[in-house]
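Please see the structure below; I have some questions.
The letters A, B, C and D name the chains in turn, as written, and every chain counts its residues from 1.
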Amino acid sequence: MSDILELLVSAASSGCIYGLVALSYLVMIRPTGIINFAVGEWAAVGLFAAFFLLTNRWLPLPYALALIAAVAFTGLIGWGTQRIAVRPLVEKGAPILGPILALLGMLAIFRESISLIFGPDPHNLPAPFGLRQVSLGPFAGTPRDFFIIGCTAAVFVGVWLFFERTVWGKAFEAVALNRKAAALMGINLRRVTVAAFVGGAAIAGFAGVLYSLTAPRDFLMGLPLAVQGFSALVVGGVGRVEGAILGGMILALAEQLTARYADQIGIPSGMSLGVPFLLMIVFLLARPTGLLRPKEAAA
Amino acid sequence: MSAPPLLSARGLTKRFGGLVAVDGVDFDVFAGEILGLIGPNGAGKTTTFNLIAGAFAPTSGTLDFEGKPIHGLGPHEVAGRGIMRTFQHNMPFAGMSLIDNVLVGCHRRMQSGLAALVMGSRRAAAEEEKARRRAAELIGFVGLGDVADTPVVNLSFGQGRLLEVARGLAGEPRLMLFDEPAAGLTPAEAERLSDIIRGIAKRGIAVLLIEHDMRFLLPLAERVIVLNFGRKIADGTPDAIRRDPAVVEAYLGEASTIGAGEEAARA
Amino acid sequence: MLELKGVSGGYGAANVLADVSLSVGKGESVALLGPNGAGKSTLMAAITGTLVRRGGGILLEGRDLAPLASHDIVDAGVALVPEGRQIFAPMSVRDNLRLGAIRLGARPGHSLEERYAFVFELFPRLKERAGQRGGTLSGGEQQMLAIGRALMSAPRLLLLDEPFLGLAPLIVVEIRRALAALQESGLTILLVEQKIDVALAMTRRAYVMIKGRIALHEESGALARRGDLANLYFALAAKAE
Amino acid sequence: MTRAAPWLAAAAAMIAVAFLLKDFGYYSDQYRKLMLWVALALGFNFLFGIAGQVAFSHFAFYGIGAYAVVILTFKAGLPLGVAVVLGLALCAVLAIAVGIAATRLEGFYLALATMAFAQLFLVVLTEGGAVTGGAGGIANYRLPALELGGRRFTLTGPYYTSLIALVLLATFFVFWRLDRSYFGRACRAIRDNPEAAAAMGVDVARTKIVVFTVTSVLAGAAGMAYAFVDNIVNPPVFGLENVFLLLFMVIIGGSGRHAGAVVGAILLYMLPYVLTPLIGHHQALVFGIVMVAAMLFRPDGLVGVYDRLRARYGRGAA
């Protein structure tokens, strides 16, 4: 029983990271329709920026401040990415595939730049807390797991409040629902695109920072994380913030259950790596809207 | 018109959720005639058009083409039976030359298998040769001969419309559907298109037009069907339609009675 | 107040508008009539700067709107009630209205509360249904919402594109009453209509647009009395070009 | 005869190069791989550039072909010819299955489904135990001797290189012929406007499945040729990065044009030789920059640039 509860905590913490990456996609897809596979590289940017800020000798920053600065820096990178690879194409009236492909080019640029600057070795952030086991009620896990879960919960609540409670969140939603009507309200479409990319990048950067707490990561970490995050999004549904975290949790749980128990039914435990792809294929074919349908479909 | 109709619709109905877009419409289209389909905004013209073209299946009712049912077939199957169309907002294949666009229209006449295409069988070559001759002839027919090899992105809007006509004709249709063919054309271009449509009907091909521009449609059409709120309210010659009080009412609302009153007073 | 000088434009390669000139005086109500496909909605899109190429001059009290983005045009005091209502269906009535007021900061002298109060007074039904999703309203209520949403930006010029399309006669009466109240308050209105009777009854002057051109311009009353209206509408009498 | 002449000349030239390089092991090896990349790029161009399908499974089928022929020949003990036929059939069956599933999905979802398929393939390779050799793959096999008319001979050195040249030419020939037929026009029509294509009588779903299957099977054939180049097959060779590289090749060269695929493949394959002395192993950085630049400034790629230059200056010279 405690075994299961421990698995739940560790699944929840990796589910949080998938959920954050899924959220990063979602924030950009909703108003612009652009699927940006460079989110994984953004996560790497966040991680390596945090690593740099925490380990350099010239500018020693307190831990929390370094993380915040790294996330802000990733947001800035998001703005630059948008400015270079998205806005010129959108304003030229290129089909949506144009920015998606240009962003694949950006992906290569980010990845190689990181490898150029930081080398091919894996890095991880110094752990903020010890690695001892702690218990929270019946749940046992490392402080790291609870830190990840807490931070993710905060981000999701924040983003959820933004969409549900602020007029700018409503404006995002309005652009997603009906671009032309949104423009008639006076919503600045260009500014919404910028906000989506800056916000998406910051969320991805934060996911990267948290991701590095669980294990050392190298410059190649981006694409696998991007694919897993996208699987989470497909499972949870592209329409709603809650879908991203739900998808992330389901995905992580399925992965960890396979890793732990597949051996017992004769499947190599490494097959758990295939779980996201299997889930993605199943959901694409059987339920392309994901578990949570967007509100317009429910209305 | 004693010949059996080429296309006949009976009780054609299409519902979208609670909305009845087309409501039990009956009509016939005969070979070689030019038939107009008109009606105010929301009357169900476009839905009717899409039902014929196979964009969606009717909720109930039948569509028979050359005596065989076509309702429920997909767009490519409808085209395969010999019903070709043009689009209101031109829909050329933007990455291809004019002649290649028209050649796509020949698709339903192409029979060779992939192996024959790769091996370059004599039959495949002959088929291709025939299609090319036909495409060239049709491009000449619509008067685009001098731009046949031009990428279509370089064509004007009016030329794009003519391309759609040639592309549709390339499929050797028995029925040609036009979705607001005059929309966006200059008066001179519209004039030319009228002549071309008459030429098409002379070849024995039935022509069905949705059109808002009455100056274009009324002199061209031999018969006009009027829809309002999804129902057929009139079916007759352009002259009869113009005088039909139900039609005038549908278009003008109560203002027609003001006008009619004035007319009556003057008479 | 609004003056169009030789406006041309359209979507992509199609040129829908050809040399359109018209004017709307301050506090005046003007109708823009014409059959389907004449280019009326395209003209509205040109004025509001949405998804249309534009040429010529679009002057609002002498200021050219043509180079402006749509949000700047809202700031200038122009609001459009688009054809087909285009409300944000999954959002509540209040959220729809709130979005209409998103540029209100650029309109000095107006507050959000004042705008809500104004719209709710004009359409009490919207107040009753403030928490309801827009998509669950009846067609007439949705139209009220679309008009109310446009009014939230405190416009000086209200453009209405086919506001009565597909509505039951009773609702038409109710919306007409609200629009009449707006006219009395001095709001400038440009009304696009397919049905002539309503449009002529509500306005002082009317333009008739055919195939992207202004074919006729007359006082609404005089137009209503013309005997050849039916023929005109079939575009046989209008040889304006 | 005159129509066959260019093809025969190309074959002769490519085989001649194979024999010229026969004493230069490294260059001969690079030449073989370059030809395989060109073959893959041609197929991917047909799929993406001509038929407009963004499918990330192209390299997976290359891998399926390679693994299938090796497993069937050396693990199942089948004759090579049988293994080749069965391997191609396997590619076809998988491609049809993926194709049918994928045509139910619209737009970019095809890319996602094929990406998931490609990744799943890698997981299966890595976890396939004795059958696939796991992460280390399968090595230590040699192309079996062929029997023809009672004589046994093995294709080695320049002879095997020549075989690869013929595989490439055959691939090119198939796509070249298809592109110039009604089938190729139907593919382009679907790419440009599926609705209008259907209205012209093109069965959009069927055509998409056929294109996906043909290109995937030919990728599988190239993979079979690859299996005996390094005489080892292992998962990293077939990673997702490679299909991005193919995408870059096709777009930078000029998407939708055979010449573009050839130019793009050669350029991106050769570029590292120039770049490595300058920036080490970070050539992908340059690829990414060129890719973004191509999308922004020249979506028709190098072939488009060439066309433009020729239109402006070339008339007199030519």
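Convention: a residue touches a chain if its C-beta (ideal position, glycine included) is under 8 Å from a C-beta of that chain, and two chains touch if they have at least 3 such contacts.
What you see is a predicted model, and the numbers here were worked out from it, not measured in a lab.
J.: Hey, which chain ends up farthest from chain B, C-alpha centres compared?
T.: For chain B, the chain whose C-alpha mean is farthest off is A.
J.: If you average the Cα atoms of chain B and of chain D to get two centres, how far apart are those centres in Å?
T.: That pair's centroid distance is 43 Å.
J.: Report the inter-chain centroid distance for chain A and chain D in whole angstrom, where each centroid is the mean of the CA atoms.
T.: Those two chain centres are 33 Å apart.
J.: What whole-Å value do you get for the distance between chain A and chain B if each is reduced to the mean of its CA atoms?
T.: Averaging C-alpha atoms per chain gives centres 49 Å apart.
J.: Going by the touch definition at the top, which pairs of chains touch each other?
T.: Touching chain pairs, listed by label, are A-C, A-D, B-C, B-D.
J.: Can you list the residues on chain A that touch chain C in the complex?
T.: Touch list, chain A to chain C: 167, 170-171, 173-174, 177-178, 180-188, 294-296, 298-299.
J.: Which residues of chain A touch chain D in the complex?
T.: Within the complex, chain A contacts chain D at residues 35, 84-85, 88-89, 94, 96-98, 100-102, 104-113, 115-116, 223, 227, 230-231, 234, 268, 270-271, 273-274, 276-278, 280-281, 284-285, 288.
J.: What residues of chain D sit close enough to touch chain A in their complex?
T.: Residues in contact with chain A: 54, 101, 104-105, 108-109, 112-113, 115-117, 119-120, 123-124, 126-127, 129, 240-241, 244, 247-248, 251, 279, 282, 284-285, 287-292, 294-296, 299.
J.: Spell out the residues on chain C that touch chain B in their complex, using ranges where they run on.
T.: 10-16, 35-38, 162, 165-166, 194-198, 200, 211, 224-231, 233-236, 241
J.: So in the complex, the part of chain B that touches chain C is made up of which residues?
T.: 40-42, 89-90, 156-157, 160, 180, 183-184, 187, 212-215, 218, 242, 248, 251-256, 258-260, 262-263, 266
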